[in-house]
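Letters A, B and C mark the chains as written, and numbering starts fresh at 1 in each.
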Amino acid sequence: MLSIVVCVKAVPDPKEADKIRIDPVTKSLTRLDLPLVINSLDQNALEAALQFKERFGAHITVFSMGPPSAGNVMKECLALGADVGILLSDPAFAGADALATAFTLAQAIEKLDEVDVVLCGRASSDGATEWVGPELAIFLEMPVVSMVSEFVETEGPCWQVKSDIENGYRLMQVELPAVFTVTQDVNTPRTLSFSGIIKARKKEITTWGLVDLGESAQSVGLKGSPTIVSDLTYIESKRACQIIEGTLEEKADILVAKLVEAGFI
Amino acid sequence: MIDFTFTEEQELFQKAAREHAETQIAPHVSVMEETGRNWEPVIKAICEAEMMAITIPEEYGGLGLGYVERLLALEEIGRISVATAMMMQVGGLGIEPIIKFATDEQKKKYLPGLASGEHFATVAVTEPTGGSDPRGCRTTYKKQNGSYILNGRKCFITNSHIADTQVVLAVDDDNPEAFSTFIVESGMEGFKPTHIEHKVGMRGCNTGEIELKNCKVPAENLLGGEGKGMRVSMASISDVGRGGMVGCAMGLQKACLDASVKFANERILYGKPISRLQAIQFKLADMKIDLDAGRLLGYRAASIQDKGERSGNEFAVAKYYTTEAAQRAAKMAVDIHGGYGCMEEYAVTRYLRDSYVLGPSAGTSDIMKVIVSRWVLS
Amino acid sequence: MSRQRSSVWVIAEQINGQVLGVSLELIGQARKIADDLGVPVEAVLLGNEIGDQAEMLLFSGADVVYLGDSPDFEVYQPEIYTERIVSLSKDVQPQIMLIGSTYVGRELAPLIAAKLETGLTAHCIDLVISGEGILEQKIPAYGGIMSIICPDKRPQMATVTQGVFPMPRLDEDRSGKIVPVEPPEGVKVRVETLDVVLKEPVGVLLESAPIVVAGGSGAGSIEGWKEIEALAEVLNAALGSTRPAVDEGWADLETMIGQSGKMVSPELYIGVGLSGELQHMVGIVGAKVMIAINNDAKAPVFEQVDFGVVEDCRVFVPAFVKALKNNEACAGRATHVT
């Protein structure tokens, strides 16, 4: 039976996320109270784990580094079929860039006895660096394949997967234990089920803080982040927009005329 | 202090129902609307999503959840398709008398199949001679050689053609004061669904007539005891039946509000979205006030039911309020859409038609007022 | 080498023996940064039989090319490439390392950054040297431009998409040093590239298209999206998308224009049913004429274009297509009769 770890990020609902703005007066982020949901690509990662569990048996541990309010996202992962949830939550973890995040996750994952497969989404909807998966692999001393769009061969200790590149893919062979980051093409995530939610009542969500990881505060969170934000500015627009007036048909004709005039048609 | 929030788990149930509604039911809605048929895929979807198992006890294969959870699920389904929510709610109404009044053998025989979704249920009370007045029932039963022979016709029965088990109300052929209910299986000799109705709204919800012609029902299918028929059928209709309509109505109210907000923000008149106009804003406010009020009334009644207490009166209040509010909301939604509100490709036309069928179902608004006035004067 | 004198690096990428355009663009920008700092530009190029490509890097502005020319480097092998670059970096100690934001680059860069325990910024739209000699890495965020710095760790690493920086002029008189580097030894290989399968790209390539039509969530549905496709077709334009359109499944990720997608520099850009989020708009570099169609008069896109039409694109686009087809010049090129 495989031991699978899925790393999940709780992010502001992307449908509402464009409401998050820098307040021009206070220079801090507004609407930070938006509800958190599972990062969409991490749902694909969890679905991959659940399919492996159904196919050849697996124990799935979900890790997430986030605020206490990310607990509902962990609950949802358990309701979907994960076995154990571990929330890494501590004020010391806040402000982490990708490196510090990967480091913190790695310290937590290493506390498990045995790990065969680590799955993450390729990127998060609210940070979208794509760095955490590969950096996690370095800290875990495991090989990694990113942009996985298909698991081709999953029998035995060596897996074959397709990793997307521009206009095609690389066929990769990798020895377990290994880290995989997945794209949205790898599967269609399942929806919640009522009986899954009921089964989750018996499953555990544990919270680990800095003390539980046994690390120094210097290596996590903002202190452990080599990159920081130094400035945020607004850009001036250089184009004076002319709004075209008239009826629907008139506007269409004026636009065509402008394109002809500019020599595009 | 009263806590008006749902638990974390209830919110997950709500999310599950919403996801199922959006992915499994929404794709079928337009065909149901056009043909007045095509209920098979959505019935399959709600059964596979374990929706019919919600209130069935775990020992009989159900989920053992409560009526608040049932209402949450119905609300989400209703927001996407009132026709589907109606079939689901009446399916639950066909299950409820068995949960409340059946013998252990009857429960063991019927509930597991209903929980798994292998079988579907309904309740058949209404006849041309009486729905609001159930005592107008003319379908008769007669004991004969250890079975009951049923004769009669039921109309306006939801799930008439898809239910495997129907809880049928009949009057004793020899005693017009004695009513009994029977679990009739669709395969029984003498039972036949006949005419399918074409309704102005809830199109795609299976509504029709059933005919019992010397229908032979085994004695062990008597439900709740001889002479107890009124109690059996009315008890279930009063909470589960009315509660189900509340779910359909709240779903429809939410759909009307969401569609109106979206349209109002996108429709540009006088150089700005019409959501900036106070007349439109006031309609949206009315819809929101009605929705919040209806939800509080509905969940209050369901909470009382979950405590094991009688909730028929509270559900009468909620049923009256939400079904009337849904009709108002649909009209306002159409008004906000202007000319577009008359065009079939805009969902609000469907909402308007659906809202008309909410009123007479599970007791008309006038009957609800009769019940509430009795409550007040008692 | 002391920190002040250490070089600006570009990790150049090659596919099938050809250096990618983005690597040359990065050398061009590295040249500017290095000149500000008064230090050399050095490129790292790994491949097989690519000596001529190394020269091209010198002509683009590199002073030194560390060339790994060996069958072991023919195809990107994560552990071998990472080990080679990391150990070279530890020897040479560059202060800045730039990598093209290709699919391979986006895996290789974090592997290197984690090994070196340094900072890495994704999808930069500009790179400048601050007054203190630090690299300011600029990315769009929350409606503004965020500057990210890596104050203490070295090298300061950043990835950049093709098209952000201009292609440098090739100066064949430029000379420099080519330093051969060998494949690393004793690398435990646990992941291997077995094959690279490429297919011919279809349609007008976004990156080189003179006219780009981009669609967003305003399309409303797949039917609305098809109308936008028709617009692109009648204009013989490349069709791009925004993230919401990709999330809805109307468009492939490959067509997404923006910070974490493709950069385009068309002559004419038409944004349809999109709000003008910075993450998308930074993907459009140097367009001559920009037009937007959106039903919300307050959408940010209208501050960033030359002409705007405030209409629901689901209604306007068909009318626009009709007007274009009626226009003779377009009708002649249209592939179907109105």
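Methods note: contacts are C-beta pairs under 8 Å (C-beta built on N, C-alpha and C of every residue); 3 or more make two chains touch, one makes a residue touch a chain.
Being a predicted model, the structure only gives us computed values, none of them experimental.
Chemist: When the mean CA coordinate of each chain is compared with the mean CA coordinate of the whole protein, which chain is closest?
Modeler: A
Chemist: Which two chains does the highest number of contacting C-beta pairs join?
Modeler: Comparing chain pairs, contacts are most numerous for A-C.
Chemist: Averaging over Cα atoms per chain, report the distance between subunit A and subunit B in Å.
Modeler: 41
Chemist: For subunit B versus subunit C, what separation do you get between their C-alpha means, in angstrom?
Modeler: About 56 Å, centre to centre.
Chemist: If you average the CA atoms of subunit A and of subunit C, how many Å lie between those two points?
Modeler: It comes to 21 Å between the two C-alpha centres.
Chemist: Spell out, as numbers or ranges, the residues of subunit C touching 2 or more other chains.
Modeler: If we look for residues of subunit C contacting two or more partner chains, we find 297, 310-311.
Chemist: Subunit B touches which residues of subunit C in the complex?
Modeler: 295-297, 310-312
Chemist: Considering the complex alone, what residue numbers of subunit A touch subunit C?
Modeler: Subunit A reaches subunit C through residues 14, 18, 20-22, 29, 40, 97-99, 102, 123, 128-135, 137-139, 142-147, 160, 163-175, 178, 183-184, 225-235, 237, 239-244, 248-249, 251-253, 255-256, 258-260, 262, 264-265.
Chemist: Which residues, counting only subunit B, touch subunit A once they are in their complex?
Modeler: The touching residues are 8-9, 11-13, 15-16, 19-20, 23, 49-51, 53-54, 63, 65.
Chemist: Under the definition above, what is the set of subunit C residues touching subunit A in their complex?
Modeler: So the residues of subunit C in touch with subunit A come to 76, 78-79, 102-104, 106-107, 109-111, 113-115, 117-123, 136-137, 141-153, 190-201, 211, 235, 247, 253-254, 260, 267-268, 275, 277-278, 288-292, 297, 302-311, 315-316, 319-320, 322-324, 327, 329-330.
Chemist: Which residues of subunit B touch subunit C in their complex?
Modeler: Per the touch definition, subunit B meets subunit C at residues 265-266, 268, 271-273.
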